[in-house]
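Each of the next two complexes has chain A plus one more chain, namely chain B in the first and chain C in the second.
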Partner chain A sequence: MSSQDIPEENLPAEQSAGHDEHGHGAVSPADDKHPFVDPGLPPHEPRIQDIDERAAKRSERSVALLFTVSMLATVAFIASFVAIPVDKSVFIFPLGRISALNFALGLTLGIALFCIGAGAVHWARTLMSDVEIADERHPIEAEPEVREKVFADFKQGAKESAIGRRKLIRNTMFGALTLVPLSGVVLLRDLGPLPEDKLRHTLWSKGKLLVNMNTNEPLRPADVAVGSLTFAKPEGLEEHDHDFQNEIAKAALMIVRIQPENIKDKRELEWSHQGIVAYSKICTHVGCPISLYEQQTHHVLCPCHQSTFDLSDGARVIFGPAGHALPQLRIGVNEEGYLEALSDFEEPVGPAFWERG
Partner chain B sequence: MKKLSARRRHPLAAVVVLLLALLFSGGLYAVFAPTSKAEADETAQSLTIEEGKKLYSVGCASCHGTGGQGTSDGPSLVGVGAAAVDFQVGTGRMPAATSQGPQVPKKKNIYSQAEIDQLAAYIASLGAGPAVPTEEQYGPEGADIAKGGELFRTNCAQCHNFTGKGGALTHGKYAPTLEGVDPKHIYEAMQTGPQNMPSFPDTTLSEKNKKDIIAYLDAVNSSKSESPGGLELGGLGPVSEGLFGWIFGLGGLIAVAVWVAARTAKAKKS
Partner chain C sequence: MSTAQTRRKAPAGERVADWADGRLGIYSLAKANMRKIFPDHWSFMLGEICLYSFIIIILTGVYLTLFFHPSMNEVEYHGSYVPLQGQLMSEAFASTLDISFDVRGGLLIRQIHHWAAIIFLAGMFVHMMRVFFTGAFRKPREINWLFGFLLFVLGMFTGFTGYSLPDDLLSGTGVRFTQGAILSVPIVGTYISMFLFGGEFPGTDFVARFYSIHILLLPGIMLGLVVGHLILVFYHKHTQFAGPGRTNKNVVGMPLLPVYMAKAGGFFFLVFGFIAALAGLATINPIWVLGPYRPDQVSTGAQPDWYMGFAEGLIRAMPGWEINLWGHTLVLGVFIPLVVFGLFLGMIALYPFIESWVTGDKREHHILDRPRNAPTRTGFGVAWVTAYIIMLIGGGNDIVATHFHLSINSVTWFVRIGFFAGPVVAFIITKRICLGLQRRDKEKVLHGRESGIIKRLPHGEFIEVHEPLSQEQMYTLTAHEQYQPVEIGPTVDENGVERKVKGSEKLRAKLSESYFGEGAQIPKPTAEEYREITSGHGHH
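Right, the complex of A and B next:
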């Protein structure tokens, strides 16, 4: 590309004969308006490939080689997909024992894509024209005549449509345009069922036994030792139930036993059974499962944002972004000696929501 | 009976009587021998406890009190059981250099297994507690690795991470990595809950459950475990993976961008 391609009016007026054909060299001397000399573009230097045909051939071969490698890598990708069994593992030095198929597919596809890109870049850098060109910016504003014509056309259009005179048409049109988006708003209602009071209730209710998640057996007070940590689910909820995940996401319970004299919160002690306390496992910040329990400090740490709760003091928040204490489940013992819930959680479990109050 | 008395003068009668007498005395021996062996065991046991007590007064009493009752520097050891001693001393955590600091780290164990057994016997004699598990309890035979993985993710992964690489807790405390930890010590840790780790007694996490968990850890976190996904980056999850992505992923892109825009070689040097 040369300066002949640049529209005449965009070239600086001073640029004329005397400079080389690509517009390199100083373009405007200093004057009152522009106190500094515009040095223009530096003189163009040809590359080896521009003057040496053999070098250009070499570059051509390199680019072709990269594209050929890419083709071979694609063939290798397909071959490894067909040939390597899924469960074969190999030892590769810094990576360890890894899946042979994953490694082969990743490596070949990576090489295939990289070589296409590298070939294209090498082609552009060594063989395509690298002559610098100057292209001045146009003023953004339109010509005064054009502006005038547009304004005149607009005024004439408004006059011909009589939008200012026929107010009934104008107002009903505004009304129609305003109401149309309401259809979209109404459709939003169909994004899903309303939550109703699902957030306020869990599967826990009076008389539900606390079932150990590990053994699937109901817990007895004697099972829960001081300093131990146990996870429980409500009786009747089985892992193969279709709504298991939805229900356990609210009902998950962690059970710890604290010496009753170490429980500082009066209500917590009242709601416990001989120091066995049951708290919701769902963090009140954004609902991560929270059970990093330190048995000596009775602190529970949330792994997501480090909210820390003190289980010996009503699970009050002692650090982090959580807004309120973990909900406690009131528990007791039934006639057969099993731990049971005495009610649902008194407050919604998990993160706060708009209508929570 | 008449037949028998009629034959009492038979030439072989003396032999029969002798045989019966031998049988009787042999039976008597058989009845009494185990009791005397038990007595011998008891003496050996009390000797072990004596030895353990001596070791205890040298290595442990300054913090845990002369009778294991505990002081302001160390908790009471009454009822912690032999398993707790075997874990704490066997992993070098006890004797601790200091009771200060957030957590007592694992270090080189300075006691022989025999000495640890003596200490454990002494502590176990102070009050009933969990015993040291046997190979049969923590060995891989008959374990369900998949079930172990499920149990590990329910009970352990929140602190020790999904494959037991460990993680951070509050105020400088941490859950250590489980890589290279003796299966016996993992079993004991679950049973006794060392330091800030909660315990998982047999009543809530059965012996079989513990065995499954140990087998799972052996499958995912040992020198022979596979990592089909490739480079693990410590197995710590998003932190190290994100760091790797930002430094090497973005770094690689920047390097390529610099190469794309770099000046090409010119024919003549200016």
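Right, the complex of A and C next:
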């Protein structure tokens, strides 16, 4: 990124010089040669408070009033805190029904703070001097002599350390400093287990009953009406189980019934039971649970990122950011007439990942 | 003895100051800073809003840690919020309910914390735009620009880890989305996910881990950056707009003590008071409505906080590309948005260095540009903001669709096309507007301002009287610098030997031409032009 090759004249010239010596109100006349010269700082224009003591007194009273209101508001805050029960709610137009305590505390604290600010700003604007002052800037870069001195000092120090001459010391030091952070990296190893094939398996397996998520009862084919959407979990998984969240994150199932003649995908029909199909509820995009079903078209929509799947056609993606179809669970009916899984999902459920293949 | 008694003792304040000076050397610090000059402009308070909301977040955050339990242990809820009685939830969620319903003032502090975070990020965004469009990032302030950029990015992640802590249905969905995005990273994605969540999603670790990231790691870094940012602001002194008496070598304004002490200090209370009242009046993140997180449940209209909406838009708009090869999956549909997210933000971080390379300008700049006087930069900025806003719309495509009765598919397609076309259109329009404004400035300098007075001349002609500008206005409108485009220069040196022109040189010449060439800026009025016009009859 060197720019040595850009000639100086390409940089714009500094604006016409000669303003530095002008102080307040000293306007340098613009002549024919320099019609746009800097006239210097305009003269200070006094405010009403600067010339009229009564106006200044009024300002003083306003500031004091604001500070007083703040004090009163703080008293009101403490009083509200003590007096208003925490579970009391009030109707306040247009906010609706809200917590009375929160409303009172927020408003009083807001006023207490705001009035301090308003008072201070009003004080600064009306009573403190508003005469503009110019401060000089100094270039940030050091003078060349300083620069020389720093470099000389550095060279001296480097020479005295002999880091350049004793290469063995230098190289082993770099080696040691490079290696030592590895301990820190290794220490992070036990943050979690290795992925192995954890993402490939769910709780589903052959013979596991499909249990209705709402009623906690095993499902029969008759329970699944055409046009309805049923959520199911594998038998044996209960909310109180310590690994419930992890298991349901993979095993959550959605079940719909489609007239068998409307099922376009051959494998889907094979894996269904009397038109009842079971698909993973977990979106293949980034893992939101899919929960919107359009019964006329058999489309399901993920409410998070709007990936849309066609459940009558192998749950292929018809819109949105998902990359592949929802995995289907192969189901059948056991001797007692309950819906059961015939195997685990054949492919990993949820978002795609590198090892998915 | 008697002499010591007659000598009056110094006042207590002075003695304390002397004591401190003997140990800390405060006098030399105060000498340089107590009467430090700050220029006045409304846009300079944007950064103050950020600083103050940051302080408010820290204050209220400390309070919240006193009551919040960062644990994912499953508990049955028996607090005072009736609708969730008996529900299973994590301790994190239960303690957030307690803060909201059982701790007096807890809800207020929670809401101040959340509102302040939203205002903090919004403030940083607007403050960055101010700095960008006025060219305040130029030498010597490039590093401070980077500090600010890092604060913005870290602020986003601190916000994200923060709103994920209550472990409610909405934030859990956001965490799931993050985990899905991590899984898309080639080769290491599954490993990062397992290590971050202590196993499979959601596991029982992430709240505690996010907690230490949210309250210690990220704010610690940010506090350091904020201090560095402020030290540099003090060291560089503030920028100022061009105007009479305001030069690149001075800073004109009012002193820290007393004016800015009162104004800036007072402004802290104004911001705090505003946010406190807001937290009392407007509910934010009502986690009790959403319920505890369950990986198999979700509500419609799930939206992250606004500053994550841009990332959300990228992930929603991207088509679901997936490449399956040799037993591996390249999840481009998620990974590309992740990369674009970084690149898009990184672009704005690098801009100062790109511009200084194009101009080749190594001088210090303390006078701000009016956006119109840097049309190409302004165009870039507006293009960037346009893409950002389009993705923000994309992030809320479901909300847009339901509110305006549009098809979600057409909204998504609008976003997909708009992300590429929008910035181009915005760039062209912005540049033209800037040039138009430059022309108007030139017109004003040369012909004066339109007075609105219509005069009828003796022979019947109507003219509008133009009044000449004051010297102050004339100076202000002509104070900006104009670069000349860089040329490649002769390709043959003085000995007639052909010189190799590097690709980077050609690129720079091209860029320079588009920044400062013909049609990229309106030449400032010159003294000759002015003389010619004013020496006539003042007619135009």
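The rule is simple: the second predicted complex is superposed on the first by the 314 of 357 C-alpha atoms of A that agree within 3 Å, B and C clash if a C-alpha of one lies under 4 Å from a C-alpha of the other, contacts with A are read in each partner's own complex, and residues count from 1 in each chain.
As a working rule, a contact is a pair of C-beta atoms (placed from the backbone, for glycine too) under 8 Å apart; a residue touches a chain by one contact, two chains touch by 3 or more.
Fair warning: this is a prediction, and the values are worked out from it, not measured in the lab.
Asks: Return first, second, both or neither, reflecting whether A:Val121 touches chain B, chain C, both chains, or no partner chain.
Replies: In the superposed model, A:Val121 contacts both chain B and chain C.
Asks: With both complexes superposed on chain A, which partner does A:Ala225 reach: first (chain B), second (chain C), both or neither?
Replies: After superposing on A, A:Ala225 lies in contact with chain B but is clear of chain C.
Asks: Going by the contact rule set out at the top, does A:Arg97 touch chain B (first), chain C (second), both, or neither?
Replies: Touch status of A:Arg97: first partner only.
Asks: Under the stated touch criterion, which partner chain does A:Val333 make contact with: chain B (first), chain C (second), both, or neither?
Replies: In the superposition, A:Val333 touches no partner, neither chain B nor chain C.
Asks: Where does A:Ala56 make contact in the superposed view: on chain B (first), on chain C (second), on both, or on neither?
Replies: neither
Asks: Once chain A of both complexes is superposed, is A:Ser89 in touch with chain B (first), chain C (second), both, or neither?
Replies: After superposition on chain A, A:Ser89 lies in contact with chain B alone.
Asks: Tell me the contact category for A:Ser291 with respect to chain B and chain C: first, second, both or neither.
Replies: In the superposition, A:Ser291 touches chain B and chain C alike.
Asks: Let me test your reading of the model: by the given contact rule, A:Thr215 touches which partner, first (chain B), second (chain C), both or neither?
Replies: First partner only, chain B.
Asks: Who does A:Glu45 touch here: chain B (first), chain C (second), both, or neither?
Replies: first
Asks: Can you tell me whether chain B or chain C touches more residues on chain A?
Replies: In the superposed model, C touches more residues of chain A.
Asks: Taking the stated contact definition, name every residue in chain A that is touched by chain B in one complex and by chain C in the other, in rising order.
Replies: 95, 98-99, 102-103, 106, 117, 121, 125, 130, 213, 231, 289, 291-292, 303, 306, 319
Asks: Along chain B, where are the residues that touch chain A in the complex?
Replies: Interface residues on the chain B side: 151, 154-155, 158-159, 167, 169-170, 173, 175, 193, 195-201, 203-206, 209, 224-232, 256, 259-260, 264-268, 270.
Asks: Which chain A residues qualify as touching chain B in the complex?
Replies: Chain A reaches chain B through residues 45-48, 50-52, 89, 94-99, 102-103, 106, 117, 121, 125-126, 130, 212-215, 219-220, 222-225, 227-231, 256, 289-297, 299, 301, 303, 306, 308, 319.
Asks: Please output the residues of chain A touching chain C within their complex, sorted ascending.
Replies: Listed in rising order, the residues are 1, 3, 5-6, 9-15, 19-20, 22, 27, 30, 32-42, 81, 86-87, 95, 98-99, 101-107, 109-121, 123-125, 128-137, 139-140, 188, 191-195, 198-199, 213, 231, 233, 239-240, 242, 245-246, 248-250, 252, 281-282, 285-289, 291-292, 303-307, 317, 319-324, 350-357.
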